[in-house]
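You will see chain A twice below: alongside chain B first, and alongside chain C after that.
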Partner chain A sequence: MKHSGSGSPRHPGHLTRRSLLASAALLITTGGARARVVTKVLPWDPNEAYPVVPVKPGGYLFFSAAEAAAVDAIVDRLIPTDELGPGAKDAGVTTFIDRQLMGPFGGHDWLYMQGPFAAAPLPSQGLQSSLTPRQQYRQGLAALESYCKTSFGGRDFVQLNADEQDKLLTGMEKGDVTLPNFSSKMLFSAIHANTLEGYFADPIYGGNRDMAGWKLVGFPGVRYDYRDVIEKPNQAYTLPPVGMQGRSAWGPR
Partner chain B sequence: MVRRLPRKDVVIVGLGWTGSILAYELSRTGLEVVAIERGPWRDTATDFNIGTAPDELRYAVRHDIFLRPKQETLTMRNNPSQTALPIRKWGSFLPGNGVGGAGVHWNGQTWRFLPDDFRIRSHMLERYGEGIFPENHHIQDWPVSYDELEPYYDKFEYLAGISGKAGNVKGRIQPGGNPFEGVRERDYPTPPMQQGYAQNLFTKAASGLGLHPFPRPSANISVAYTNPYGCSMAPCTYCGFCERFGCANYSKASPQTCVLPVLVRQPTFEARTECEVTKVNLSGDGKTATGVSYVDAAGEEWEQPADVVLVCAYALFNVRLLLLSGIGKPYDPASNEGVVGRNYAYQTGSGSTAFFEDAKFNSFAAAGSLGVAADDYNSDNFDHGPHGFVGGASITSAHTNGRPIQFHPTPQGTPNWGSQWKKAVRDTYQRVTSVSAQGSVMSYRNNYLDLDPTYKDPLGRPLMRMTFDYQDNERKMANWMADRCDEIAKAMGAKTTQVNRLVGPWSVVPYQSTHNTGGAVMGSDPKTSVLNRYLQSWDVSNVFVMGASAFPQNAGYNPTGTVGALTYWSLDAIKKYLKSPGPLVQL
Partner chain C sequence: MRWRSAILFAALAAIGGAKADPDNYVIARRGRALAIAGDCVACHTAPGGAPLAGGLALATPFGVIMTPNITPDDASGIGRWTKVEFARAMHEGRGRNGAYLYPAFPYPYFTKVTREDTDAIFDYLKTLAPVTNAVNRRTLPFPFSVRALMIGWNSLFFKPGPFVPDPQHSPEFNRGAYLVEWLGHCGACHTPLNAFGANKADQFLQGNRIDEWTAPDITNDQQSGLGKWSVDEVVQYLKNGQTRTTTASGPMRDVVEHSTSKMPEADLRAIAVYLKERGAAGVPVPAAVPASDPRMQVGEAIFVDTCSACHTRNGAGIEHLFPRLADNAIVRQSDPTTLVRIVLTGVRGAGTDVFPTSPAMPSFGYRLDDDQVAAVVTYIRNSWGNTASPVDAELVKTLRSHVAGPVERSAAQ
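Take a look at the complex of A and B:
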C-alpha cells in the first residue's frame, strides 16, 4: 500500500478521471493505482483542480466526411436555424457529438456492459443493448445511408429535401421505418439526445456555439450568483450568458 | 494473497455523512478509527472548483461524481415472476461515490419525519382499524419515537446549519413555520432561504385554499454559519447547481463542509480511499465480526481487523454487504421469512405542471432546497377515512435549477423536435413552474432486495437484485395528491396545467428519487428486522448499520434528516457498547 507523500501519484483516482475527461481514451485503466491513505491533513495540492479540455472545432475525430454530413443534416432538422436563431448544426452540435463519441461516453466506458444481454427486456428495465454509442452511430448511419439509397432512388439522407427528411425522421422516431439490420428508433434516440446535449451544454464541449441554446431560452450560464435575481422576483434577466470560458465579448480565449 | 493489517478499534465502511460523523465523534475520544471508502477523496476547492463545477453535461448528464455502474450496479424487475436485468445506466436513482457520498450531490432538503410516522402501524390501526392497510403490506412501527430522536435531529440540523422556520417550539405553534411538525426544542440554526416568484404565488394560493405553507428546511444555507465542530459555511448564492453537483461555495452542508476539515486532524483517524470493502468477516460461530476484507485499486486484498464494524455505505450497498457477509437471515418472499432485504421502499412523485400566460420565474436562480411546502396532506395530518390509502405527501413549489439540457419543458402535444418544438421551448422556459407531491411508500411482501443469480460485479460477486413496483395504495395516494397539486397550481393563476400522475410500472429510466430505503430495517422483533433500536445487528452485536436502509417504510419526506438523527442516536449506543460490549437490547 502506498501512502501519501511516498512519491506515488497524489491522486490516483483523480488522475484516472482526469485522463478520461481530457483525452480520447477508449479504455479505463487503473493499472498502478493504489489505495491512498489520508491522515492528519486534507489531501489537496495548491491549484489542484480537474478542468475539462476545451474542444477545438475543426475536422472530425470519429465521423467520416459522409457521416458528419449526414449528422449535420439530421441535427439541422431536429433543431433548425430559423427566425428564432441558430439551430443545432450552426451551433456546432455535430462537432460536439464527434468529440463526445471519442470520450468515455462513446464506449459506454462507465456503464455496466457485462452480459448476458436480454433479447426482450421490459421497457421498465431501460438500456439493455450491447451497442456502444460509437457502434450505434457507425452502424446506424450506415444503415440509414443504405435505406435512403434504396428507398429514394439512389439519394442519401443529405440529398433529400427537408420534407422528405422530416417524414423519415418522424418514422424513425416512432420506429416505423425499418433500416437494414439496425433499429431506426435507436439511431433516432441517440442523435436526438446528443443533439439536445450539444445545443444546451457549455460551449466548452464544442456545441452551443455563441451560446445559441442558452440565448434561445434565456439561461445565463455559469454566473453562479443570483442573489440579486432572487431579491427581485418576476423581473426579466438582462445580462448576457457566460460560459466556463467566459464569453466572446471578453476577447478570444 | 490477503495481507492482514494491525487491528483498529473501529472500522467504518464508507465515508459519507454517517461515516464521517461517527469517525469524528469516535476518534475524538481517542479511539483508533479507520474509514475505508471505495471512491476517491473529494474536496471543495479541487473537485467542486468554481471554474469547473457548474457543468451540466459533465455532472448532471454524464454522472461524473456518481458511482459508475461498471463498478457496481443492481439488477431490477418489477415483480418476482420476471427476470431481473442489470441497471446498465443510472436513471431512476443516482447513488453517490467517493468521500462525502450522496452528501456531496444531494439537494439538501433536511426534514424531520412526523411523530405519527414513527408509529404508523399503531396509529393507523387505532384511528381507522385493520381495514385501512393495503394487501400484503409489511408496515411496522419504528422501534424509536419522535420524542426520543428530537435531540438528535437537533444535533444534525446544527451540524449542517439548516435554514428553516420552526413551526412548533416546545409546543407553541410558530407563525410561518410548519404547524404539523413534531415539538422541537429550538428553532433552526439559520433563517429560511429567500424564496422566488413561484413560491410567493404558491404561498398565497395555498393559504387561500386553507393550507399551511412554510419555507422548507434547507441545507443550502441562507447566511454564513459556523457549526459546533468549528466548520464554517458561506451563504448560498442561488446558483442552481446543487443536485448532481458538489457545491463550490461551501454553502451546501456536506461531509466536506461540515465534518472532514476537523475529522482529518484527529490523530487517531485514517481514511483509505479507492478501497472496496468486500466482506465483513465473522468469527467461527458467526456471532462476532472480526473486521473487514477489502480490495485496493490495484486489486490487492487486505484484511483490516477491528473491534467494531460500522456499516456506513449508501442504503442499498449496506444491504448488499450484509447479504455478502452472511449477517442476518436473507429475506425470502415465498415463505415470508428472513429479514435482510425485506421492506425495501422508495418514494412517489406526482404533481402538476403550471404554464403561465406571462411570468418570469427565473428558475435558474435557485437552490436544491429552495421551496415552499405544505404538510396538510402528509402522514396522517388529514382524515384518511374517505380515501382508502395509507401515507401522504409533502406538497411543494420549488425551483431547483434552470439547467437547459434537462430543464426545457413544453406543453403536452408539442412535437419533440423541429421549429415548433424550438418555439415552444423558448416560449415556455420562463413561464413554467410546478407544484409537486413527494409521497411515502409503504413496505410490502414482494418489494425486496436479494442477490442476483446471474449478474456479477468486476470482483465476481453477485449484484444485488431489486424487485420493486408501486402498489395500488401508493398509486391511489400519489394520484390523489396530484389533484391537490393541480388545485393549487390553478389557484396560483396558471393559464393551463398538466396533471402528472403515477402510471405504469416503476421504470429505471426517468430520474425519480435517490431515496432508496429499507432492506436492513430497525425494529423491535428480530423476525421482522435486521437491527435493534440502536441500529445494532441482532445477530452480530459489534456490527452497527447506519443509513436509510434502517427505515421500516418510507415517509413523505427526503430521508437525510432522519438518517443524520439516527446516526447521532446510534452514536450514543455505540459508546455504551464500547464500554460494555454485547447486545444493547435483550429479548
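Take a look at the complex of A and C:
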C-alpha cells in the first residue's frame, strides 16, 4: 500500500488528535474544583523553588506521648542501634514521621483519594485505601495497643521484650496478626516504609541525624560532582557526607 | 498634461509629508549606532514598556526620578523638539523650555559628544514610531524638586565643552576615550560618587557600588582592574558577554545585551585599547587572610561541598560556562558586594548572538547563613592567587535584607 500524506481518509467516529484533545479539555474543565485551564502563560515562574523548612527536633506535633513511645519502640526493632552506629530511633526517625504526618503527606493531599478501592488489587495498582497516613497511624497504633494489652497480659508494645516485639512485627509483616478493626499488614507497611525514608532522607527533614544512615551505607549526600575522584579507582573515597544544611565543618548554626 | 502634472505634484506632496526624510537614512543609521553605544534604551525604557518611551524609575539618593519618553510623540515625547533644543539638552543639561535637567541624565558626559553626533541621534529618534506615554516628571521630593538647584550643582561639578583628542595617543585610543568617557558614560556606574551625586574625577573608573552591585574597577590595575586582561579579552567580553573565563552578569549583562554586543568591533577594540593604555588605579594588595583563619577553614569546607562541582576544586571553572575564580580581579574588588549578592540570590549571565545560552548560577541564600556566606566569599577572595580583604557577616546581613526574596532570607532565620 502506498502512503499519501494528505490523502488519508477520515472516517466519522475515528479518534483524531483534535477530538482527543477536545475531550481531554472537557474533562479538565468539568473534573472538579482543583482543575484549572492554563492558557497563554506557563503555570510556573522561572527559578521558582520551594525550599524545605528545616525540622527543629523536640516534642511531637502529631503523636501523643504513648504513640511516640510505640513508634520509637517499633523503629528501634526495624533498625536497631548496634556496633555499626545509631539505629532509627536514635537517628530521629520518630520525629521525621511525626513531622511528615503533619505535612501534605499525612493527609495524602497530593494523591487521588476517591474510590473505587479494589479489594484484591493487582501489585501495579498501588495504594487501595481511603485511609490517609494520619488515619493509618492513629487507628493502627490504637489497634496495636489494644491487641497487646489483650494478648500480653495488660502490657503494651513498649513493655514487651525484644523477642516478643520481633515476633509480633514479623507476624504483622506477613499479615498473620489480626488487630482489632485494622490491618496489621497496613500498619507494618506504613511504619516500615516511613522508617527507611526517615533513616535515609536528608537530615533537614528530622531523621538521619548526623547523617547516620548515609555514613552506614557510604552515601556521599548532596554532592553531585565526582570528577576529582572518578579517575582514582580502588582508592578510598574520603570526603565526609554533606546534607542540605551542610556538615559540622560549615560552622555552628 | 496639466492634470497629469497636478496629480504628480499631489503624489510628491504626500511623500513629503511622511515622517522620515529618505535623504537622512544614512545619518539616522549612524544615529542609531550612536544611541546603541550610549545605551539610551537602558534608562529610557520601563520594565515591559515600549523601547525609549520612558517611565523607568531611577532610584537616586535624593529620590526617584522617572525617565522621560524620547520617542517623537508630540504631547508626551520629543515630537516638538528641534535639533538645537536636543543638542542643548545633551550639552548643557537643559530641557526644551530651558528648565534644568538632573544629572541622572548623564549630560556631564554627553557634553563632549559632538554636535554632529547629537544631530544624528536626534535624526534617529525622529524615525521611531511615536509612543504616547506621559511620564510623571515631578517625583523628586522638596528641596530636590527645585530644578534651579542644578545651577549651583553645575557650577561645582559640571564642566561643559567639546571633546579634545589627546595628540599623544593614537586615533584608536582617542576613539575609545570618546566612547568610554563621554558617549558611553561608563563612569556613571564605574566611578565613585561624592555626597552630591557627582563622580569623583580623581577616581575615574576605579569602581563603585551601585544598586547593590559592585561596578568593578576597570582601570588597568593588576589587583582589581583589567591589568591581566588582554585587549582581545575585553573585546570578547563586550561583544559576546563572556570570555573563556568570565561572564557578564548583573547590570553589565543589560549593557552587553542592549549596547556593546551590537556595537561595531572597531569601536569595542578602541574601548579596549583605551582602557588598557589609560593607566592603573594602583590599588594596594592587602595582607592575605591566612589559611589557618577559622573563616578560611569554614569557607573551604563550604566551597568543596557547594561550589566546587561547577567552579572546580582549584577555582579554574569550566571555560565558557562556569567563571574562573582563581586569579580573578572581579573576585578581588575592594567591595565584595557583587560576590556576596551572587551567592545569596544567584545570577544569570548575558546571552548574546555568539553565546546565547546565558548560563545561570542558582541561589544559595536558602542554605547558607550570614556567617557562612561571609566565610566562603572570604575563602574565594584569598585562594588560588587571590588576595583581598575578608568579608564581614554584617555586610551579608544588610545585603540579604535588601536583595533577597523570602526564599533566600530563610537561612538567616
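Quick notes on this one:
The definition used in the following text is that the second predicted complex is superposed on the first by the 199 of 253 C-alpha atoms of A that agree within 3 Å, B and C clash if a C-alpha of one lies under 4 Å from a C-alpha of the other, contacts with A are read in each partner's own complex, and residues count from 1 in each chain.
The definition used in the following text is that a contact is a pair of C-beta atoms (placed from the backbone, for glycine too) under 8 Å apart; a residue touches a chain by one contact, two chains touch by 3 or more.
On a predicted model such as this, the values are computed, not experimentally measured, just so you know.
Shared-chain residue A:P51: touches chain B and chain C both.
Contacts of A:L122 after superposition on the shared chain: chain B is touched, whereas chain C is not. In the superposed model, A:W214 lies in contact with chain B only, and not with chain C. When the two structures are aligned on the shared chain, A:Y224 is found in touch with chain B and with chain C. When the shared chain is aligned, chain C comes close enough to touch A:L239, but chain B does not. Judged by the touch definition given at the top, the superposed model places A:R247 against chain C, while chain B stays out of reach. Chain A residues in contact with chain B (one complex) as well as with chain C (other complex) are 49, 51, 222-225, 227, 244.
Interface residues of chain A facing chain C in the complex, by the touch rule stated above, are 47, 49, 51, 53, 222-225, 227-228, 239, 242, 244-247, 249-251, 253. By the touch criterion stated above, chain C contacts chain A in their complex at residues 294, 297-298, 301-302, 304-306, 308-310, 312-313, 346, 360, 362-363, 366-369, 371-372, 375, 407, 410. Partner chain A is touched in their complex by these residues of chain B: 39-41, 43, 45-47, 49-52, 54-58, 61-64, 68-70, 73, 76-78, 82-83, 85-89, 91, 98, 194-197, 200, 235, 237-241, 248-249, 260-261, 264-265, 267, 269-275, 296-298, 300, 302, 359-362, 364-366, 402-405, 408, 416-419, 421-423, 425-426, 429-430, 454-456, 504-509. Listed in rising order, the residues of chain A touching chain B in the complex are 1, 11-14, 17, 21, 28, 30-45, 48-52, 77-80, 82, 84, 87, 104-105, 108-114, 116, 118, 121-128, 166, 169, 173, 192, 195-197, 200-202, 204-205, 213-214, 216-227, 229-231, 233-237, 244.
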